[in-house]
Each structure stands twice: as structure tokens, then as C-alpha cells.
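Please find the structures below.
Two complexes follow with subunit A in common, the first pairing it with subunit B and the second with subunit C.
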Partner chain A sequence: MSFWQKMDQLDRRWIYLTVAAAVILPFLLPTPLPIVITPEARSLFDAVEALPDGCNVMVVYDYYPTTIAECEPIAIAALHHMFRKNCKVITLSNIPYGGPSMAERITRMMGDQYGKTYGVDFVNLGYKYGYVAVLSGMGQSIESIFPTDNSGTPLAQLPLMDSVKNYSDISFIFEIADNATADYWVSIVNAQYGVPIGCGGTAVMAPKFYAYVASGQFVGLLGGMRGAAEYEKLIEIEADATVGMQSQSLVHLVIIGLVVLGNVGYWVGRSQSKRRAA
Partner chain B sequence: MRTTLPIVTAFVAGFVMVVAFFFRADSLIGSLRQEFTVWLTIVGGFTLLLGVVSIVRVNWLAVERRKEGWRYKILTLIAVFAMAIPAVLPGRWWSGFGRGDGSLYDWLFNNLQSPMMATMFATLAFYIASAAYRAFRARNPEATLLLLTAILIMLWRVPMGEAFLELLPGDVPQWLNTYVMNGANMAVQRGIIIGAALGAASMSLRLILGIERTYMGKS
Partner chain C sequence: MSGWELFQVWLVALVTLALFSFMYRDNPVYRVAEHIFAGLTAGYQVGLIWDTIIVQQLWNPMLGGEWWKFVPGVLGVLMFSRLSGKWSWVSRTSLAFVMGTTAGIFLISELHGRVLPQMQDTMLPLDGGDGFGATLLSVIVVLGVLSTLIYFYFSKEHIGTLGAAAKLGIWFIMISFGAHFGYTVMGRVSLLIGRVHFLIEDWIGSFL
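For the complex of A and B:
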């Protein structure tokens, strides 16, 4: 059996081992890498930067715990930027599977870091079934859809919600999504109420969202961990995404290397069998 | 009556939601739309309950009949009750109840469910690498074009790869963003989005007009 035939039948456990090594190695030998800012990330940052200090913003946690690695750094970077500008943050989730818990944990953690008070500077509305109904219902009255916050406190008892009745009181929406709920934020909230929306999504979802950026329905876009790393660079707080990019870089290169190797094996094997047949 | 009532309900609800777009929010029809929206979230809450009942029923039957893997189903049932019961009990009874910070539900979610789900998703990277090695072949011109584009995009999405692309003549990263992501990719995505929207609109019309009746459990 020739080398290339052996490579063609390579045990997949070697592939798993190579990928595992590529993930772990950068944590043992950290190598800072330059991160180039894409126009989509820049425009999202500029839009948030241009918001008046102290305005009301919505941060939407529309992602499942499966995509925490990609979406959580985006959420944290967004909150850094918004709390730094003293924005009043209202969070909610259209994901029943842990969305409100993630919103609660991350927003409280960031709120504590910036000395913000729950109910005054930030509120977690939690989850309500039916994102189409929720999104369109909040256009008229947030309180009719979310009579209480995530922990059951009536909105009337939260000072921040005195000044926030519907979308007309919201200056910006930062949607973090790993699924199609982002489409409804575009078609219901942006199209009908005109609220500017910025989006952070998983790398898999990002290609779809380019259409919304080009049409101006999203003011900008962060694609996956790379997008989060770009935002971290823009707000000058290097955190998890910047560190994670080292592993992701190496894994991408390993996969490209494997694909090239697989193709060389395929072509060599094909020419050998053709030669034998001749 | 069993057919007529659901059809009439679907027609009225759908008609109000569509027509309300053309009325002010504070008008009668605008208020009706808001009322329907609130009802929808309440009815939806019950569908979640239905999901819990269904998962318990299916797993309990499997345990009762000692079907293959029944021991795992016991774990599923324990997990469902361990997460659901403390979460629905009021937090004022005990700090461990409810869904707030420090509750049992919160602890289980952050320390068990969330890491497990993230791990499941992370293992995809290994399968993708293995699948790419075996299946991503330049068998014909179309496959070769896809392969080259994928490699360039994968390089472009990571700093190490982008540094490599910067070495090539011309501004390759800029080219990829302009022509691949904002060109070919966007054209295809727009086609998909428009197609899906047209499909949703046509399905909605069929429901409102009573042509589509599968939601009643029959064709």
C-alpha cells in the first residue's frame, strides 16, 4: 500500500487527535494575532458609539447554550460598550432553552462590573412564547407582553420601565442570534417600527445576515467568534474571543491542511489506478 | 361544527392580524390585534406544557415496557423533573426555587445543561474535520470552485489565514468580502429569504382561507 493510499484510509482518530492538539496548543503557547476589522463590524461599533449616552437599548439573547462559545463573547463585548456609555439596557430572549438564564447571568455580571443597579440601569424581561407575537406585541406595549420581569417582579415596580413603554422608547437593538429569529427582528421591528438593529450571530448564520446589512436593515454585523474578537478590539478590551481566535486560527489551518492532503491522496490514487488500468 | 369553528377562528384571527397593519395602534382593530397577540403568548405557554407532558409520557412508557435504553430514559425523566419543579415553584418559599440567581434551576442550567450542550456542539468540529478530509474532493469544476472558495473564506475568517492572504498580490481579503460575501453569497441568500417569505405568505393565506387544514389533525 502506497503512502497516499494509506493517507486515503487514515483512521479518523488521528484526525480527531490533530484537531484536539490544534485547539489546546494555543492555550499552552499563546501567540497574539493581529485582528483586522471588517466594514460590517466597524459600522456596528460606530452605530453604538453614535448613540446618545444614557439612552435605552435592548440586548436580545436569541441563542441556545450550544453556541455560547461564539455568542457569549459578543454579548459581553456589547454590554461593555453599552454600560460604558451609561445606556439603560433591557434584555429579553426568544429562546426557551436557557435564554433568560444566560441573559440574567451575563447582564448581572457586567452590571456589577460597571456598578449598575438592577431595575434602574438594566432589566431582564425573560422569555415569552411565540417570537412573532412577542415582537409585534411589544410595538404597542411591552408591559402587555411582559407583565413581569424574569424573576416575577411587576414592571410597574422597576423604575427603568417607567420610561420604556414600547419600541418608540428604544434607541437601538443589539440582536445576538444563532437562528432565524433575527429575520423577525428585521421584518417586524426594523421594517415596521424603524428601530435600528445591530446583529451578532454565529459564523454559520452570518452569511445569511449579509443581505440585511446591505439593505440597511442591520446597521452592522459580527460573525461568530471572529466578529466578537473584532468588537473586542474596537472597544479596546481583549477578552475571550481574542484568546479563542488563536485556537480557531490553528483549527482552520488544520482543516485546510487535511482537505488539501485528502485531495492530493485522491488525485494520486486516481492517477495510479488509471495507470494500472492502462 | 368541529371543522367550522377552527376554520372561522383561524380566519378571524388571521384577518385581524393582517388588516391591523393598516390601522393605528390605538384604534379598535389595533387593540384587538394586541389582545390576540397576548392570547397567542398564553396559548403558546400551554403548548410548552404539552411538550413536557409528551416527553414524560413517551419516556415513562419506554421505562414501563423496559425498551432498549430504558435506564437512560429514567435519567431523562429525573432531569425533566429536577429542572422543571424547582423552576415553577415560587422563589419566596425558598431561595432555591424559581429561576433567579442562585436557584436550583439556575445552578443546574449553568453547571450541567449549558456545558453539556456546548460540548455536544463543540464535538462537531471533530466530525467536520473528519468529514472534510474524506468528502471535500475536487471531483469536477463545480466542486473545485466550491473547495477553493471555502478554503479562501476559512483563511479569511481567522487572523492567521488573513495574515497569509495579505502576502498575496492584490487585496484578497477585501476582494473576498466584496465579491464573495457581499456578492455571490448575498445574491443566493436573498433568493432563499425571498423564497421562504413567499412560501410563508402562501401558507398563511391557505390557513386563513381554510384551504390548509392539517393543523386540525386531518388533510
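For the complex of A and C:
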């Protein structure tokens, strides 16, 4: 049996094992690799950097727990930048499964790190059903949509919300999404209320979101773990995404190798069959 | 790490490994983990809908004096008529309301917020202003949009000039699929990295 015939009948579990090894190896033997900043990540960083100190921003956790690996490093990197600039952060989620609790956990963790006080420097509005009504309604009054925060405290008792009534009091929205809710932030909030939006999306969603960056509807974009690693580099921290990109690069090399091997094997097998037939 | 946190880490790690075991072969441990996940999701959804819709948006406002909210409540109840063959036509009233409001809301927001801005972004100046590279990109964008649209025009046979443009459209679509596939691979690998990171740092780290 030739090498190519053996490869053709290779048990797919060997491929799983190779990919697993490529993921695990960089955790055991870290090898820092250069991270190139894309114009989309740079423009998002510049937009946040240009915000006046102490302004109100909205960070939206529109992702499911399944994509934490990609979206959480984006959220953490964005909050580092915003809290460094003393921005007042209002968080919410249009995702029922875990969205509000992820917003609560991450924002409180980052708030504690920067010595911020809940209710004064940041507020988690939580989740409300029906994103179209939620996004439209907040243009009139945030309190009418979220009478209380995620813990049930009336907004009137939270000092930060005294100065935030609707989108006109929000300087910037950072949407972190693994689904199409980002489209509605574009078509409802950006188009109708003119609030600048930056987006951090999963890699699967990123190709679609590039069109919004090109049209200026998103000021910038972070695509998946790579985008998070770029932002970590821009704000000069080394966190989960930077570490994860080492595995990412190695797995990509493995996949490229397998694709090349598979195609060469296919052509060799085809030419051998032709020769035999002749 | 507290005892409760340690228990959570072990539970998450064992369920993760149970699901990964499918890569070796289908097995009872995998199926147990899968069924637990499906059951939890269904149960959570029922509780969530009850709390966030029925209680928060219907029952509490009605008790607070917004009595007119019984109208959407009744429309919701009418949807259950679909369970009866004889009375299922009643549910069309609710569906008509949903379709009418959805069409009304989305017609404007989609046109104003997505279709027109994206069309406007396709109308690019060919002189660029930023040199040859910008001009070339503008030409590629315009050619890509037009040829892809032509590919999806099925009222005339794709032969001659129309056929050539449609073929060019296929190339643009294939390149787009390639970009999407590449990003999807990156995304899926990222999810695996996240799980492995958890297993190494949090789980193995908890007993080293």
C-alpha cells in the first residue's frame, strides 16, 4: 500500500489528536509571536482613545456563553481601555442565556481592578426580552425599558443613571456580538440616533461586519480572538487572547499542511487511477 | 478557591471531557452530557419566558394599572388555537398582527439603516483620491457587487455577456465563501483553545 493510499484511509482521530497537540503545546512551551495590528482594530482603538475622559459609554454583551473564548477577551480589553479613561460604563445584554450574568461578572471584576464603584462608575442593566423594542425604546427613555438594573435596584437609586436618560447621553457603544443583533444596533441605533458604534465580533461573524466598517456604520472591528489579541497589544497588556494566538497560529499551520496534503493526495490518486485504466 | 468554586470547576471539566469523548466514538457518557445540556436549556427557556415576558411585561404592568396590556395577552393566548385543527384559523389574527408590525418596523429600519448606506458605500469615486490602489479597490468592489447581483438574476439565460458576468460573480462568491470558511475555522479553533485553556489553567491547575 502506497503512502498516499495509507493517508487516504487514515483514521480521522489521528487528525483530532494532531490538532489537540497543536493547541496544547504552546500552553506548555510558550513562544511569543508577533501580532500585526489591522486598520479596523486601530480605528476602534483610536475612537475609544478620542472619547473625552469620564464620558458615558455602553458596553453590550450580545454573545452566548459558547463563544466566551472569543468574546470575553474582547470585553475585558475594551473595559481596560474604558476604565483607564474613567468612562462611565453602562452594560446590558440582548442574550437571555448567560448574557446578563457575564456582563455582571466581567464588569464587576474589571471595576474592582480599577477601583470603580457600582452605581457611580458602572451599571449593569441586565436583559430584557425583545431586542428590537429594547433598542428602539432606549432612544426615548432607558428607564422605560429597564426600570431596574440587573439586581432589581430602581435606576432612580443609581447616581450614574441621573445623567443618562437615552442615547443622547451616550458617547459611544461597544457591541460585542456572536450573532445578528449587531445588525440591529446598526440599523436602529446608529442609523436613527447617530451614536457611534464599535464592534467586537466572533470570527464567524467578522466577514459580514467588515461591510459596516467600510460604510462607516461601525467605527472599527475586532474579529474573534485575533481581534482581541490586537486590542490587547494596543492597550499594552498580555492576556488570554495573546496567549491563545500562539495555539491559533500553530493549529492554522497544521490545517494548511493537512489541506495541502489532502489535495496532493487527491491528485496523485487520480493520476494513478488514470494510469491503471490506461 | 472555595469548595463550591472547586466543585463547579470539576463539574465543568468533567462535562467538557464527556462531550469531547465523542471525538473518539459515540458513547453513553457523551449522550448523558448531551441530554443534560438539552434538558437544562429547555427548562431555562421556559422559566425565562415566564419571568421576562408573562410576569414582567404582562402580569405586573396589568396589576399596575396598564389594563390595556390584556390585548396582547389575548393575542398570545389565541396562538394556542393552533393546537386544535378546527380552531387553528383563529391564530391567524395574532400572526397577522405580528407580521404587520414586524413589516412596518423593519421596512423603514432596514432600508434606512442597512440597504441605503450599503448602496451608498458601493457608489465609489473611481478616481479614488488615494492613488492607484484605492481606485483598483473601488473597481473591484463595484465589479463584485454587479457581477454577484447578475449571478442571482434568473429571468434570463446566463449566456453571452450575461453569462460572462455571472461567471465573474461566481468567482467573487467563491472568494467570499473562502474568507467565511477561513474565519469559521479560526472561530472554531478559538473555542477549542478556550476549552483547553480552561482545562489546563483552571482544572489541572486546581490540583497541581
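As a working rule, the second predicted complex is superposed on the first by the 278 of 278 C-alpha atoms of A that agree within 3 Å, B and C clash if a C-alpha of one lies under 4 Å from a C-alpha of the other, contacts with A are read in each partner's own complex, and residues count from 1 in each chain.
Basically, a contact is a pair of C-beta atoms (placed from the backbone, for glycine too) under 8 Å apart; a residue touches a chain by one contact, two chains touch by 3 or more.
As the structure is a computational prediction, the values presented were derived from the model and not from experiment.
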| item | value |
| --- | --- |
| Fit or clash between subunit C and subunit B when superposed on subunit A | clash |
| First (subunit B), second (subunit C), both or neither touched by A:D183 | both |
| Contacts of A:I24 with subunit B and subunit C, given as first, second, both or neither | second |
| Touching partner for A:Q157 - first (subunit B), second (subunit C), both, neither | neither |
| A:P96 touches, of subunit B and subunit C: first, second, both or neither? | both |
| Partner chain in contact with A:I68 - subunit B first, subunit C second, else both or neither | both |
| Subunit B versus subunit C as contact partner of A:V251, first or second or both or neither | both |
| First, second, both or neither for A:A203, with subunit B first and subunit C second | both |
| Broader residue contact with subunit A after superposition on the shared chain, subunit B or subunit C | B |
| Partner chain(s) touched by A:R226 [first = subunit B, second = subunit C, both, neither] | both |
| Touched partner set for A:I145, first subunit B, second subunit C, both or neither | first |
| Common interface positions of subunit A, toward subunit B and toward subunit C | 16, 19-20, 23, 66-69, 96-97, 128-129, 136, 183, 187, 192, 203, 207, 211, 214, 223-224, 226, 248, 251-252, 255 |
| Subunit C to subunit A touching residues, read off their complex | 23-24, 41, 44-45, 48-49, 52-53, 56-57, 105, 109-110, 112-114, 117-118, 120-121, 176, 179-180, 183-187, 189-197, 200 |
| For the subunit A and subunit B complex, residues of the former touching the latter | 10, 12, 15-16, 18-20, 23, 33-36, 38-39, 64-69, 96-98, 100-102, 104-105, 108, 126, 128-130, 133-134, 136-137, 139-141, 144-145, 150-152, 183, 187, 192, 203, 207-208, 210-211, 214, 223-224, 226, 229, 245, 248-256, 258-259, 261-263, 266-267 |
| Residues of subunit B that touch subunit A when the two form their complex | 21, 25, 30, 33-34, 37-38, 40-41, 44-45, 47-48, 90-91, 98-101, 105-106, 109-110, 113-114, 117-118, 120-122, 125-126, 128-130, 132-134, 136-138, 147, 151, 154-155, 157-163, 173, 177, 181-182, 185-186, 189-190, 192-193, 197 |
| Residues of subunit A touching subunit C in the complex | 13, 16, 19-20, 23-24, 27, 66-70, 96-97, 127-129, 132, 136, 183-184, 186-188, 190-192, 202-204, 206-207, 211, 214-217, 223-226, 240, 243-244, 247-248, 251-252, 255 |
